[in-house]
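Per-chain residue numbering starts at 1, and chain names A, B, C, D, E and F are given in the order in which the chains are listed.
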Amino acid sequence: MDLFDLAAANLVSPPILFFLLGLIAALVRSDLAIPEAVAKAISIYLVMAIGFKGGVEMAASPLVAAALAIAAGILLSAAMPFISFGALRATSRLPRVDAASIAAHYGSISIVTFIAASDAGAAMGLAAAGFMVAVAAAMEAPAIFSGLALAGRREGEGGGTMIREIAFNGSIVLLVGAFAIGWATGERGMAMVEPFFGDIFRGVLCLFLLDMGLVAGRGLRRSAGKLDWRVLVHGLHMPLIGAALGLGLAIPIGLDPGSAALLMTLAASASYIAVPAAMRLALPEADPSVSLTLSLGITFPFNLVLGIPLYFAAAQWALG
Amino acid sequence: MDLFDLAAANLVSPPILFFLLGLIAALVRSDLAIPEAVAKAISIYLVMAIGFKGGVEMAASPLVAAALAIAAGILLSAAMPFISFGALRATSRLPRVDAASIAAHYGSISIVTFIAASDAGAAMGLAAAGFMVAVAAAMEAPAIFSGLALAGRREGEGGGTMIREIAFNGSIVLLVGAFAIGWATGERGMAMVEPFFGDIFRGVLCLFLLDMGLVAGRGLRRSAGKLDWRVLVHGLHMPLIGAALGLGLAIPIGLDPGSAALLMTLAASASYIAVPAAMRLALPEADPSVSLTLSLGITFPFNLVLGIPLYFAAAQWALG
Amino acid sequence: MDLFDLAAANLVSPPILFFLLGLIAALVRSDLAIPEAVAKAISIYLVMAIGFKGGVEMAASPLVAAALAIAAGILLSAAMPFISFGALRATSRLPRVDAASIAAHYGSISIVTFIAASDAGAAMGLAAAGFMVAVAAAMEAPAIFSGLALAGRREGEGGGTMIREIAFNGSIVLLVGAFAIGWATGERGMAMVEPFFGDIFRGVLCLFLLDMGLVAGRGLRRSAGKLDWRVLVHGLHMPLIGAALGLGLAIPIGLDPGSAALLMTLAASASYIAVPAAMRLALPEADPSVSLTLSLGITFPFNLVLGIPLYFAAAQWALG
Amino acid sequence: MQTTLKKRLEIVIEAPVIDRLRRVLDDKGVSGYTIIPAVAGRGRHGRWNREGEISDTSRMLVLFAIIDPSELDDMLAAVYAVLSRQIGIVSVSDVQVVRDEHFRRTGKPA
Amino acid sequence: MQTTLKKRLEIVIEAPVIDRLRRVLDDKGVSGYTIIPAVAGRGRHGRWNREGEISDTSRMLVLFAIIDPSELDDMLAAVYAVLSRQIGIVSVSDVQVVRDEHFRRTGKPA
Amino acid sequence: MQTTLKKRLEIVIEAPVIDRLRRVLDDKGVSGYTIIPAVAGRGRHGRWNREGEISDTSRMLVLFAIIDPSELDDMLAAVYAVLSRQIGIVSVSDVQVVRDEHFRRTGKPA
């Protein structure tokens, strides 16, 4: 498949179309809405399922390859905030603390984007190595510390508590825990829960992306015209930079194309859950609405609709 | 199968029995309850699934037949409020505005009843044409305008906003959107999401009808004895009148028996989501408790338990 | 399989591991949490599914065996509070009313434990008779009356209302209702809803046990060190006493090993839903935090992780 | 605008007895009340948190009712008669309303 | 601490018209408001309970806004103009705030 | 009935810092508090709406605590020390309670 076919196939797949439906519904001010409690529960289900499946597939993965990929992920997460911060300070007038906060979002990852990319890869026949789930988990936190350093913040008294709060963040604990359970129970465990964690996964993802479309569209509608265009453009630059760096590291460590595309996606994505909450605790002066709009309103739709097929095409071209 | 067998098979199917369980639990004041957030999410799932499946089946439908059926639906939706209003004013002492509001409910449709009827049809081997989903969507709104006309209301300043609020009502947007996605992705799309939108559908419907039984029973318990019996009887007349008109239009436009039964069901059903909300905005003087009790407490149970098998039997007798 | 293998297989099954993950996440103060509305809805789903399946299997059960098992269950439920109360009064300084309340919890049953045990039995190939669901339902209430008698409470004016509130408690109504629906619709009904009530059941159970682990862990963390160890130990004694009594009754009435293990589990388990609510109404002076901690924080994890495999091993050794 | 003084009764109460409380208020002919959910809290009986909970026992609800000052003592006595041994608290504050007639005691409602 | 007197406007309103109410408050430049869900209640229009409900019609929301006393009459008039025929109630109470400037009328917000 | 004057502290606060706020109240020995969810709102930081949200960042909670007037200043100072840079508001009103002893400061609770 060439890039165009890939993009076209991705675009007319139910998950992406339901995302677009949500986006449009929000933009025309429909009152369509999925209750918060259910949206949260679905995100928990998806993280559990993706973690568990990754763990089950670990049987087939050499541990050295996993360790290399995790190291690459940590490096990306720690380094990318410096690039994002530099770019923001050079092109916009955002205060230091806001730029540092946004930078932390871009170094870290969006687990929702990762899940959508894994599913897209599976649909294309480009399944990734199980350890990519561990890479995703490992990339959540390093960026936060880079962001704090960029803001000129020392960890001070609250430091210990904060490290703990970040490391034990619900989505990290669940991702790592489900991964470990999948690894421990292997194919026998998978056979027990496949109908729930496997068969209905893509359908549930459709419902979830409908919801994310609604939330992203509502956010866009609310902040349209308020954000500086130089900041908005950052939300389109960073995924491309991240994906390029991801590919640049995937090649030397020898990832297969599906895994490389996921590493690119992780680098290209911006956090929407863990980092925003950490920033409210550690950098309360940073305005959360700017980073949330960028992350969910600009970068997430870009990655979902255009980025993911692009990253898979690039990975296959470079490594296939 | 004759009418009696059909009715019996419908009555002892799990969805109907769970509805009756809910009804009884509410009437004996059990504290059994499904949380609001989950009930709403389930209704969203059901609308998504029915819309998507309808869209997928559009490949097999001639567009002319679809257009005719949609036109028939719009006609029914716009005309039935006049019948309902006339009957209410002749037999009861309801104020004009209340009669107009109830009339709008009966012209419009109950998507839950439609879903239950589609499922019952599928279980009987009388699947309907995919475009019946589009007919359902097209029938939601016209009755609202007839109702406002009957109340002597001009659209005034709020008119534009209101038309928009009605057209972009969440359940209409979702039904139409999922239908379009199903149509666009076809069998390939269905293959991706069948376990979620297809396989577990009827089980989820059981859970949902349990909930609807609980809510309907609670409503009945609360308003029992408060409603004028002439108004209550309206809730049993209108489905029969609607179904007869539906059949009368289904025959000339050449619908198959399964689709004809669904058109009858749509005409026979009364809105419980879109119209009540629209009436609170457009006719706030109308007492919502009367129309809600009629729609959910009388007409919905009647259609679910007795009406649907009757409509299928009649459609098969007339068209089979 | 010998006891050790059974315990090992149970321990590394996904449901138990997700429970342990929840427990650990709560103990390290992770913010992982499943919304209340969804947790409640999942418990409703599980009760519906287990009830329905039990009913479907009634076709294969002789009614006399069912009646005997139900009678045994009622006897256990009514009698065990006297044992629990005696032990608590002898070993701890708990006030009479608190001891009576705890005793009622231990006479009654935990439907969640029952569900987990049924699933574990199915996974081991030791499926139980369908009527065990009816036994579970029958065991919910008798212990409450024994508990009130122990507290020296006469039913007084509120008696009629209370009996009604207990008998029509949501989980009893749903369990009995779903059982009746399964019985009435049989294999034909099961075929209609198997993907939802059967195939995904164990996966949903994983999600639910994750939640129960989180709640149990949070409870433990909160009350650790506050409870008298003599009271805590009661939470480990009672399951063993209950299981022994259950086995003692299972043998003379001729239960198969799988059903016997479930009767043991029911006797060994302590109520977490029906009895606590009843006690708040009937014995408001009793401190709910003691009984909830015992029931959910001590007895439930013990039964889930160690008790269930032990009961199955014992039942197979005695009856296999 | 012309406003009238009323009392706002606010009751935090454990969920299992909410129906009893409603019955008391209905019997006293209170003109209305609204119940809102609580998600977490602390009191003499300890901390609680509803996340992931399936049991109603530690669930708290907040009920408020705007009533006429003349009804306050009677209402408080009735509420305490039923709830004195239950988990919860009661407080009263002054509020102004525009439509006086809306908050007058009614006959026992349906 | 130095505190300033403000008014706390509390509105119980049926969900279908919440957007209209928000528009009124926004147009009047109110500095902020918070909306909390209600789960059950009773009023002249009868009892309601949200358990298991999928329709928004009988759903009630509680909106409160802390505003400057000088804005009260204007605000009440605007609220009543929109809501007089809808289901709901309005009440006002006194509150003290520490940061006065936080609760001053702003221009029409986004 | 004999009632006593208390203060009702009402804090609207962004969810990520609720644990810090609880710790402050616990450390100060406040006798209790109740937290209720908010579903939507507006303030200087803009509008928000929880529908469909999975991130806690823009989520607001409403905490209220009934405390003795003598503790008010101390409590406000402690609350502001922690929350001054966070998103949220604080207000105080008068309430009457029947059981005075219920609302007295306790030692640091569990």
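Note that a contact is a pair of C-beta atoms (placed from the backbone, for glycine too) under 8 Å apart; a residue touches a chain by one contact, two chains touch by 3 or more.
Chain identities (UniProt): A, B, C = Sodium-dependent bicarbonate transport family permease; D, E, F = Nitrogen regulatory protein P-II.
Model, not experiment: these values are computed from the prediction.
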Problem set entry | Chain copies touching (chain E, chain F) - same or different residues, decided at half shared | different
For this session: Please identify which chain has its centre, taken as the mean of its CA atoms, farthest from the centre of chain E.
Result: C
Problem set entry | Taking each chain's C-alpha mean as its centre, the one farthest from chain F | B
Seminar exercise, completed: Taking each chain's centre as the mean of its CA atoms, chain B sits from chain E at a distance in Å of 34
Exercise. Measuring from the mean C-alpha position of chain C to the mean C-alpha position of chain F, what distance in angstrom results?
Worked result: 38
Seminar exercise, completed: Distance between the CA centroids of chain B and chain F (whole Å) is 46
Exercise. Taking each residue of chain E in turn, which ones touch at least two of the other chains?
Worked result: 36-37, 39, 46-47, 93-94, 110
Seminar exercise, completed: The positions of chain A in contact with two or more other chains are 33-38, 40, 195, 199-200, 222
Exercise. Which residues of chain F touch chain A in the complex?
Worked result: 14, 16-17, 20, 39, 45-47, 49-58, 85-87
Problem set entry | Residues of chain F touching chain D in the complex | 1, 3, 6, 8, 18, 22, 25-26, 31-37, 61, 66, 93-99, 102-103, 106, 109-110
Seminar exercise, completed: As the complex stands, chain A meets chain B at residues 12-14, 17-18, 21, 24-25, 28-38, 123, 195, 199-200, 202-204, 206-207, 210
Seminar exercise, completed: Residue positions on chain A within touch of chain F in the complex are 33-36, 39-40, 43, 112, 211-212, 214-215, 218, 222-223, 272-273, 276-277, 280-281, 284-285, 287-289, 292
Seminar exercise, completed: Within their complex, chain C touches chain B through residues 35-38, 40-41, 44-45, 48, 52, 164-165, 168-171, 173-174, 177-178, 180-181, 184-185, 189, 192-197, 199-200
